[in-house]
Structure formats: structure tokens, C-alpha cells
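There are two complexes below, and they share subunit A, which is joined by subunit B in the first and by subunit C in the second.
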Partner chain A sequence: MSLSTHTTPSGFLLPSIHSAPAFFTEQPNPTTQSSATEQWTRLILTYARHRKLFVLRVEDAESTDSDWSEILRNERINRMFRLHLHAFQRSSSPVGRILPNHLSNIISNMVSKNLAAYEPPKQTRSALIFWRLPEEWAEILYDWVVSIGQLNTILTFYDITDPPVESPLTNIPVPLLRRAISILGKTGRSQMIAIADGEGVRFLARSK
Partner chain B sequence: MRRGVGLAAFDRQEQSKRSFAELSSELSRSQIENLHSQLDQFRTALAHFASTHRESIKSDPTFRHAFRQMCSSIGVDPLAGPRQGGWWAELLGLGDWQYELGVQIVDVCVSTRGRNGGLIEMSELVRLVSKLRGMSGGGITEDDIVRSIKTLQPLGAGYQVVEIDGCKMVRSVVKALDEDQTVILAIAREKGGRVVEDDFIRQKGWTRDRTRAALENMLIRDGLCWLDAQDETAGRAYWIPSAMQWDA
Partner chain C sequence: MGGNQSLPKITAQDRAILDLKLQRDKLRQYQKKIQGVLDREHAIAKAQIASGQKDRALIALRRRKYQQSLLTKTDEQLMNLEQLVSTIEFSLVEVSVLHGLKQGNEVLKQIHKEMNIESVEKLLEETAEAREYQREIGDMLSNTLTLDDEEAVQRELLSLQQDVLAETNKDVQLPSVPSEEPARNEAPAQGISEEPQPATRNKVLVPG
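The block that comes next holds the complex of A and B.
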């Protein structure tokens, strides 16, 4: 069979390995498996960036209409078999898809490489995906604050995650925002402040 | 012929011997001179040839092939690298070409090892190396690859061209393929990369145990294939990446 790239309805270019049925199975050979995990990781990160997705859940592997279905499933894999092997076709609809356990292992691998973080912590079913590292988010956040002239004023989290004019930080999950703010705090560029209805943050000019 | 008798004859003989010696050294001197000037001419001609055709040699596979045949008929290969090519290689400035190609072959073999376990089909290798060289690198052929792999031999990395069922493959890991694996690869090629146990039981009359052992060895011990545990017909199918066609 020929393996080729494929463009999804959302305009994402799937790599050719995504059309290999075996890509959806965990490999017993450790070297092969680490290569497969690497490819999955890259795929998850680039897709997350493409769709601006922040959270990946193990359950996403079981749902047919999750945000991630375009990469976690491959409907084309079995359509091809249907043509040749319709006699063997089972009544269920078997399509190429990653199994939850496999996805869970990939997420755990990503967490170990700091490319994701379990959120909330102390569970392993859901994770923030770092298609930008928290350090990069911190710089983007700071540049954005400077660009809208809000240094030294107090901003709520809501001001940042849902600004009147869409920004690169629109819809950023609060836990990720907190990480970015605390990274800026280390260089004295941000300060958490308790305000009447929760928490706010003040950004300060870079100390020379 | 009159034969000299007496003492005077010795002198005469000595004399003629000397003259002959002079004549012969004269002759060989002129021959050497001749040869030198011929060699000089040849050198200039070759350098001229090299400077006018260097680009074609590097970029045009057919031209390179013809050039190589010409060179091998006089017993040198300027493309084989500075050491083997001697001053030819330096003169032509082509010596590094083969080494450069060697490095690119290693690059492709190593970077695809994760998915094919160190066994790659020749045409696939040619395609990937060509892609790596880009447009400006010019075309390369199987012949070029085979030669480059030979120049890699002193490195002892185990690069080898093996033939499986009439199809050339390049192996970049030191691992002997046993007979059963060779059969598996051949069948996988027929089937576009996907094989299941029944293929071998039906087509080759293998027992299930033998089939399973051979496939599982390839899968787990050698990393030469991938498992599809969700295969809808067999439940367990083996995919052999080196027998599959990759578009990108």
C-alpha cells in the first residue's frame, strides 16, 4: 500500500505515517515504540498549534467528535479494507484509532519531557499541551501587555483570557496563564495582587 | 660479415658498443621527453575537460556513468575520493563528491531507522537522498549509491546492499537476515507491506509456530516491522516499513 499525506477538513496536513494502520497500535519493540511516540508527540503538538487546542484528555481517544478526532482517528484506514475484504467486515465500525491506554502513555511521555503538564495535577487523565513552552507564553504575554500600554495597571485574568480585541492569549487556560505570570515574576516583571473578586496581576517594566 | 681478428677488433667492438649505448640513451631520452610532453598534454586536456565538464559530472547521472566507464578502462576512478583517486581527484576537484554522497546516505539510513529498523529499499533510498540533495544537487542513480556504500566500508558500520527476491535493499545495521525473514520480506513486498500469519501458512506451508516465531522475532527482537493489533481480519497484522511505499 502507498502511504501518503492527507489534508483534514480543518486544513491540517497529516504526515504519511498517520495512514499506516500500525501507527495506532503500541509497539512491543522499545526502539520502534520510542520512534512512534516521538512521531505522535510531534503530531499532537503541531495539531494543537494548528487548532489552538490547549487540553488533551485520555477520553478524547474514545469520542468520535472531540477536537482531536482528526488525528486520534483515521477513518480512511478501514474504508480501504472494506473494498477488498467486505466479506470479513464486522458489524461494528472499526476505524483506525488510538486506544485510550496508548494515548495515556503518550501523554505521560510528553509530561516527562515537559511538553505537557497534568492539569489538574495529581491525575493522569487530562493534560495541558505545551505547543508553546510556558517560558514562551510568558514572553508573549509580556509583549502583549506592553503593546496595549497596560504596564503598571492591574489586570484581571479575564482581561487577559478574553480581551476585547483578540490576542494570541485569547482563551489561554488559567493554569497555563498562572505559569506564565509566575515565570515573569521571577524576573520581577509581574506581581500577583489580591483584588475584590479574586486575583489580579500587575506587569512592571523590565528593570534595567 | 667480416669478422675482425686480432687486437684491433677489440677496440672496434668497444667502440661500437659505446656508440650503441649512446644511441640507446639518446633514444630513451627522447622517448621520455616525448612521454613527458604527452603526459603534460594529457594533463592539460584532462584539466580542461574537468573544468568544462565538472558540473555535468556532478549533476548528470548518465554523463557521470560514461565518464566513470572511460576512467575505469584506464584504471582510475577520480570520483572515488582523494586517496583512491590520487592526483586525478585533486585535479578534477571531484573527489569529495563520493564522500559527500556517502554522508547523505548515512543521514537517510539513520534517520529512517526508527521506522524501518535499518532496512531500506534501494529506490526509496535514492528518492530520499535526491530529496536531501535538493534541486541543485542533480540526479543520482543506484550505481552511485552502490559505489558510495563501498567507500563507507572502511568505517565498519555494516552498510551493505542485499538482494531480496530480486529487489535491492540497503541494510544499515549489522544484523544477518535469516532465511525465514528473507521469505517474509519477499511476501511483504508482494502484499504492499502488510502480512499476517495465514499468508505463510497458506503460501509457504509453514506451521503456525514457525510463522509466529519468525514474525515475532522480526517484531520484537529486530524491530524490522510494526504491529497492528487492531487489524480487523486477523486481529494481528505485521507491517514491514521497508516494503511499504512512502509518499513523503
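The block that comes next holds the complex of A and C.
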């Protein structure tokens, strides 16, 4: 069986391993399994960066029309199996898709490597995907604020996540934004302001 | 680094600005919601025309019109809010400009205090004196004679002059050399000086 790369409708180039049926099942051999998990981690991070996706849920493995379907399932494998294994024709072959349990394990592995964080915390069904580390987001946030000349003014979270002109931070989830702001706060570059109605943040010039 | 002390204080103004901005965000979100409603009513009207229910389509369109008027109203409110926020922020800038001007004025005053007219006059006077002094030194150095030397020279000159004058006077008063041998004359004319002599001689002669 020949494995080849494939370009998805969203313009993402899937690696050749994505065409291997074994890639979608958990491997009994721990070495193989850990290498497959590494491949999955890389695939998830690059795809998230490509589509600017921030949240991955375990349930994404089950639905056919989630943002992640392009990588979490591979219908071409199913089609191929139906052609080859017509003797064992099953209506819903689990071959060409990742199982929720498997995805949950991958997510937990990513969380342990600080490449993701459960959000909201204290559950394991959905996680923020760090295709940029919070520290990197912090720098991007600060550079953006400087570039639009908004130092020393008070911004609301909505100002940042939904600016009139699209920015690298458009649609960033508030929990991730909070992390970035608190990282900047450690070097005295941000200040949170809270009132009864909500919160705001003020960015300050680098004090050096 | 990291010290909260370096952060500016959150003033009541800051809170007020944040409050305004949060209200503005709410209006924007409300607009988004209305836009969604508009699209939905449009879709409903379309579907009902397709199924031949003209009355219902009309109702949907009326609802849509009403929502549209709401959208225009919120637009006006949004503009008011944004104007207020801009005015406040501009006033803050003005305050800081005023502060800067005040400080500059203060510095200028301080500098002027250090160089008042009297001290400048005194300084100029001292400079003139110093220049005079310098000139004297220069003069002295150029003709190496001291005042005493000069006086001595002057005295010498004077005495020389007197000598010369005396000599010329002597020449003038010199009597002419007599051309004949002086004749011994014991005439009474000479006797004036010799008279006492004969007297004493006479005296001697008498006892002798």
C-alpha cells in the first residue's frame, strides 16, 4: 500500500503517515505508541497553527464536521478498506478515524509536555492547544499593543480579541489571553484593572 | 522588575474609562446579535416565500425592519460613547502636556534664579578687572625694566644733563689767559690785601 501526502480542502498538507491505518489506532508496543503520539502531537500543533484553532475537544473525534475533522479522520482509508475488504463489509468502519479514548490520551500527553492546557481546568474533555507558547503569545500581544500605539491606555479584553482590524490575536481565547497578560505582568509590562462590570488591562512601557 | 510598586495607581478616572469601554463592548456585541437576527429573519422570509406563505414572509420582513431600526439607534449610541471615551482620553493627554509645560517652566525659573542681572554685572566687572590686570602684566613683561630701574635711569639722565650744562657754563665763564706777566705792584691799590701784613711786620719790626 503506497503512502503519500495529501492536501486537504483547507490547504493543509497532510503527512504521508496520515494515510496509514495503523496511525489511527493505539499501538500495543510502547515504543511505537510513543513515536505515534509524537507524530500526532506535531500534526495537531501544525494543523492548529494552519487553521488558527485554539481548542481541541475529545468529542471532536466523534463528529464529522468539527474543525479538526480533516486530521482526526481519513475517509480515503475507509474507502480503500471498503474496496479491499468487501468480505468483511461493516457499515461504520472505525479504521479511518481516531477513537475518543486515543485522542484523550494524546491530549493528556500534550498537557504533560506543556503543549496544551485543560480549559476549563479540572476536566480532561477539552484543552487549549499551545501552537504558540503563552510566553510567545505574551510577546506577540505586547508587540501588537505597541504597534497600534495603545501603551498606557486601558483596553478591554474585547478590544484585544475582536479588534476592528484583524490582528494576530483576533479570536484568542480569554484564558490564553489572561496567561499572556499575567506573563507580561511579571515584568511590569501589564496591569489588570477590575471593576464590578468586568475587567480591563493597561500595557506599560518596558521599565528599563 | 516584577515589583508592583512601579505600576501606576489605578485612579477613579481609569475605572470610569474602563467602565465606558466595557459598555461600548456590550453595544458592539449587541449589534452583532442584531445582525444575526437580521440574517435569520431574512432567511425565514425567503423560506416562507418559497413555500408560498406570503403573509408570514411579510411579518418576518417587518420584524427585520424593526431590528434594523434598532441597529441604527445603537450605532448612534455607540458613536456617543466612543466620542466620550475619546474626549476623556484626549483630556488626559492635555493634562500630561500641561504637566510637562509646568515642569519646563519650573526648570527655566530655577535656571534664571542662578543667573540674575546683578551676578552677571558682577561677573562682567570682574572679567574687565582681570583683563586690565592681564594687560598690566603684559606691559611689564614686554619692557623688562621695573619702575625703580626706570627712576634710576631717569636720575642718571638728569645728572648727565647737569654735568653737560655745568661744563658748558664753565667754558663761558673762563677768563682769557693774560698776555703779559703779571707785574709786582706794591702800590697802595694792592695794599688792601697786603695791608695787614706790613702792619704785623711793622709790629714785629718794632720790638725787633
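In this section, the second predicted complex is superposed on the first by the 201 of 208 C-alpha atoms of A that agree within 3 Å, B and C clash if a C-alpha of one lies under 4 Å from a C-alpha of the other, contacts with A are read in each partner's own complex, and residues count from 1 in each chain.
We take it that a residue touches a chain if its C-beta (ideal position, glycine included) is under 8 Å from a C-beta of that chain, and two chains touch if they have at least 3 such contacts.
All values reported here derive from a predicted model rather than from experimental measurement.
Aligning the two structures on subunit A places subunit B and subunit C next to each other without any clash. Using the contact criterion defined above for the overlaid structures, shared-chain residue A:156 touches subunit C, although it does not reach subunit B.
Look at A:28: by the touch rule set out above, it reaches subunit B but stays clear of subunit C. Of the two partner chains, subunit B is the only one that A:38 touches; subunit C does not reach it.
Within the superposed three-chain model, A:182 lies out of touch with both subunit B and subunit C [touch as defined at top].
With both structures placed on the common chain, the touch criterion links A:198 to subunit C but leaves subunit B unconnected.
Note on the composite model: angle subunit B-subunit A-subunit C, taken at the C-alpha centres, equals 100°, rounded to the nearest 10.
Of the two partners, subunit B and subunit C, it is B that touches more residues of subunit A. Taking every C-alpha of subunit B against every C-alpha of subunit C after the fit on chain A, the minimum distance is 42 Å. In the superposition on chain A, no residue of subunit A contacts both subunit B and subunit C.
Residues of subunit B touching subunit A in their complex: 114-115, 117, 192-194, 219-223, 226-233, 237, 239, 241, 244-248.
For subunit C in complex with subunit A, the residues that touch the partner chain are 1-3, 6-8, 10, 14-15, 17-19, 21-23, 25, 28-29, 89. Residues 153-156, 158-159, 162, 186-188, 191, 193, 195, 197-198, 200, 202, 204, 207 of subunit A are the ones touching subunit C in the complex.
Residues of subunit A touching subunit B in their complex: 1-5, 15-17, 20-29, 31-32, 34-36, 38, 78, 81, 85, 88-90, 94, 96-97, 99.
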